[in-house]
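By letter and in written order, the chains are A, B, C, D, E and F; residue numbering begins at 1 in each of them.
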């Protein structure tokens, strides 16, 4: 949020990649693509390319991390060294450690944690290419991977960012909009429960702008939720075909 | 000890802060000020500002560190990044690791270690501001915190440095005297047992000078011991008043 | 292998240190020289000076590393900071971690691993001075140290490098030959089993050259094997003399 | 482990809050007593100690010469670090920063950075080459809940207390001169954290309340009432209405607290 | 732990191979299907994804300005790193590189370096001062055996796909210019790995076969059929004859595989 | 764990010392046989190996170009590191330095530094910019007690054996020239360590005695008989009289040992 330019929205009201303010980037999801994980999903959202995999439920190692009355979710959000402009060191940055935490906390509310006491599941997210709003795309993919793994859940979690650039409230920020815009609000939603499980904000917004931005992000979440269901359905159908 | 200047003692025989050679800096101690620790103490000695806290006795983690016939004392001496002139990295330096060891070994002789087999206590020391002889002030405070925690002890441990600057033997070195003087001798004493539990030295002293320096440091320890008792008494009285 | 010079073999066909192409460097071995290890050996091969020590078989720590049906061998190849031209940091380099693995895997085939289930042995190698082909000399010494420790083995393991410099196939490369030559092939052999337990190569060789190089290295291994037996015999004799 | 409370106590806390009451007598929207002391660490360029009830946080700032980031060559650098030192709680372990201390540091950082509280262009000495680097070290000394608000407040109080060295450029080299200038501050962002307990929003939760809460929501508000940073934490969720209610209340509470800051 | 197979299965694998057969129907000298995609990570200077059956490896390259090593002042720098990221296998743990990932990176590195695949002198900008540094990051996405061959192939494919930034030197400073040049490649080393099972040599072992193998032997072969790097792994051994047989077969298989690489 | 001795043995050791005797026949003030070899690591700028009974320590020194510390711009830099490598004892673990190896390094460092044994001003090449940095690496090869005295002695012996490269300054750059100069040494500090067992002071305790001792006291004595560094260790204490007795005896023993050092 360090600089302001006046070029993120053109005279026609369109964004750098030709999108309208309330338009999502093209999204592609694939489910169940990794053979060793219990569940997995791949998402492309604009130039974001992200893999999520779920292992478990399984016994916790080390054992003292297990809880007597519920499962434990661990989550690692990690970026490939070549995913960003300047090569990123593979050791986890402070940003990656924070995002791992907030992503985990955005997934936990939907899981029936008490079904598998003393066990744990691992959610691994690898950002192969990053182009803004990677935490939202990661949550979207991870939630689908959890469903693919058969983790008992109340709901999916769909995530989308909204924000403000050039005095316009926009949906699904890409990298340039995140860096040069004036606010970024990533949101995650359990669509059937009106439950916001991730909310962060960077930038400056009035109370009114904030309300608008959140509303737009929630609309984005609902659209993404529809795609999640579609991706799972496709997977289910194709698995069934293979089995028959 | 790398440089010699001739200005640490003025013509009247007084030191940079106006003290006489055998004079302690102003000392302030407070006991029991941290609500989560079993025992705690705060000391100001000149510009030194140091907190000590004691947790335990409690079960050891990890368990293989426990001893079948005695308790284990762990100790961490740590400096705040802003406690010194140049910002100090928060990760422990080699100096902090050595001081943690010698401080622990200066406290151990006074504890009835065999009273609580298989348990451990943690002594945490945070130097919030450093101005020379911090290890001595840390021991003084830690010993009081251990008493506050009710750890069974033979005696308190009082610590004080002495040294040599400009051919004068002085008591309780402050930072400039430590850096520019010609010898620094930190000493810790169990005052009722004639037991020296810490002795280190940097610099150059003849055998005679050394004997004098140790004697002066021991006198300092006795004075500090009186203050420790006073601080504990005040604490005890004020606790009693609250209870009544 | 980055540069080629034409001076590694002189007009008489001799090498920088006067050796013929198929000649080993002077080798000195001593067995059982460390009092705390179950077995130990010291080797000098040219300017290489290397110590190897074996601890165990003993209970594994941490326990989850133990295997129910066999012992576990751990191995650390480590270079002293002063062993090479530029001071080496004491923390293990990626090269040292790789060499620790291949050395361990060159020793494992000879051990009756199933004799001591749930236990482990540690092989520690310290390179005090390095002058090329240190991994081979390390294996040679470690194997002798294992024999000294009484580890039940099918055979000793003898190791030797061969390679190519100035279009000549040579035995037992020293540092300059390793750095400036065109290929380096370290080999380890169980001499009575025709079993190659280490094989690596850096550089470029035709299939024919490769075959020649391996043959030469194996001849070197056989010569070194004779010295290993001699060193163990000397040790055995001297121990016997002491006992008598 | 004196910090883990019984299930009975947890139930009492939750039931009281369900009825709009708190065990320590506060209203849901009440902070504990706030004490602010500035300038207590003379060695630091700036410092402040905050007491929020028994929660105690010390922040010290240091200023060093350094290089700017390539994408902001005209701006000084802000670095926030948080240490959950083990004397503050039996649940804090010595060692490198864990996810909790990293999150805390990053929340404090964002409140300052996104509100543009510091005029970082005034920290530039030579564009692209030399700038002042400000280290803000958050030191939690006693943990009795709501470390986020206490730390954010202590950081701003310390920055308001921070003196910047004078300097001159002689023959291409930066020399520090005697004397100081106050750090160029533009804003005083205040962070207000809500705990969700029994479907109510509670401000300034203390330690035992935090053990009962479903989730927390922190909002940094600048001097003009704008929101400049948000962080949801915990494994529960918020409804949209709760979020909007929180935004409104955060604005009110931040104004109250900001008045306590000397500038 | 879905990746640990039963003793019964192990026996079946070994017995089949003893008869020259493999459970998936391949001959001992057959690779699984190889798919190569290049250029799929636009942010990277070069990239390639290899599928070897279900084994999946992604390699991305980055190019940065840096300093040469003192002993090779006229050459650019090659740095190979491998990450066994935990989503690829339940046996991979998050954390710093272990001996397996370090060995993998060093095998891939040696194949490229010893074959002189890259004309590193063309990466020199100012001798002794400024060169291009190439980072080759091997990212294992799914582990179903034979990571070495898949990684080595993906690395070469990514290098063949790598573009080098144009630059000019103005007033002693290197400035990047618009446009790119292909990385100066001279060779396409191919690594062929043999697993020894039931005293037979098998190429391209998949995960379950690797759990049965006694040892493995990897050989990198350059475009002229020369051997340029070898690594024996595992706690078994090879006879001299096995080694020579492997060298011969590696030459044949490497030619086959090299044909799949676009240049 | 061959290094842990039985309680019976411990009792025997303590009872013998109470009567002024030691199980290996030495008097309380006797060192074991000391062997000093210098110059055994040709790759190092200096080296020495000490045998103190079965305790064996190797020290190698390296000299590199570097920058002086800001507060001593005219002096070279001394860096002492100690490795308790695991082949020396089953109680030493591989890994980063622990408190024991750090304490050992710092005791050795202080003996050299505080006695001003090296004329560090002669290691300055360009004040404030370029100096020689001396690395003293203490490598414990076999631990049979009294590592402090053996390491301190090996370090001084290695320094006395250290050669400093010749150099010249051409066009502002330091170039090393052929040939060497001895390191400018002024003093030969000797460290004498006392173990307190059965209320007696014992010098040069071997491993089994160390397991019985209450505390240890190390004193570094320079060529003029001055004390230049002290370290008390262990969880026991000393009386003032014991300390003064130790100081006297350290002076005597250090003179004896110093005679063994070639200069």
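Everything below uses one rule, namely that contacts are C-beta pairs under 8 Å (C-beta built on N, C-alpha and C of every residue); 3 or more make two chains touch, one makes a residue touch a chain.
Given the structure is predicted, the values throughout are model-derived calculations rather than measurements.
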Each chain counted as touching chain B and chain C at once: F
Chain located farthest away, centre of chain D as origin (C-alpha): C
Chain at maximum distance from chain E, centres defined as averaged CA atoms: B
Pair from B-F, B-D or A-E with over half of its contact pairs in common with C-E: B-F
Chain B-chain E separation of Cα centroids, rounded to whole Å: 58
Interchain centroid distance [CA atoms averaged], chain A/chain C, Å: 51
Averaged-CA centre spacing for the pair chain D and chain A, given as whole angstrom: 27
In chain C, residues with contacts to at least two other chains: none
Two or more partner chains touched - positions in chain D: 97
Topology of the chain contact graph, where touching chains are joined (line, ring, star, complete, other): ring
Going round from chain B, first to chain D: chain order: B, D, A, E, C, F
Chain F residues within the chain B interface of the complex: 71-72, 75, 97, 99, 102-103, 105-106, 110, 113-116, 215, 217, 222, 225-240, 243-244, 247-248, 251
Residues on chain C engaged by chain E in the complex (per definition of touch): 1-3, 94-95, 97-98, 100-102, 105, 108-109, 185, 190, 193-207, 210-211, 214, 218
Chain C partner contacts - residues on chain F that touch it in the complex: 2-3, 40-44, 47, 54, 58, 60-62, 64, 81, 83, 85-90, 94, 96-97, 135, 137, 139, 141-144
Chain C to chain F touching residues, read off their complex: 34-37, 40, 47, 49, 51-53, 55, 76, 78, 80-87, 90-91, 122, 124-126, 128-131
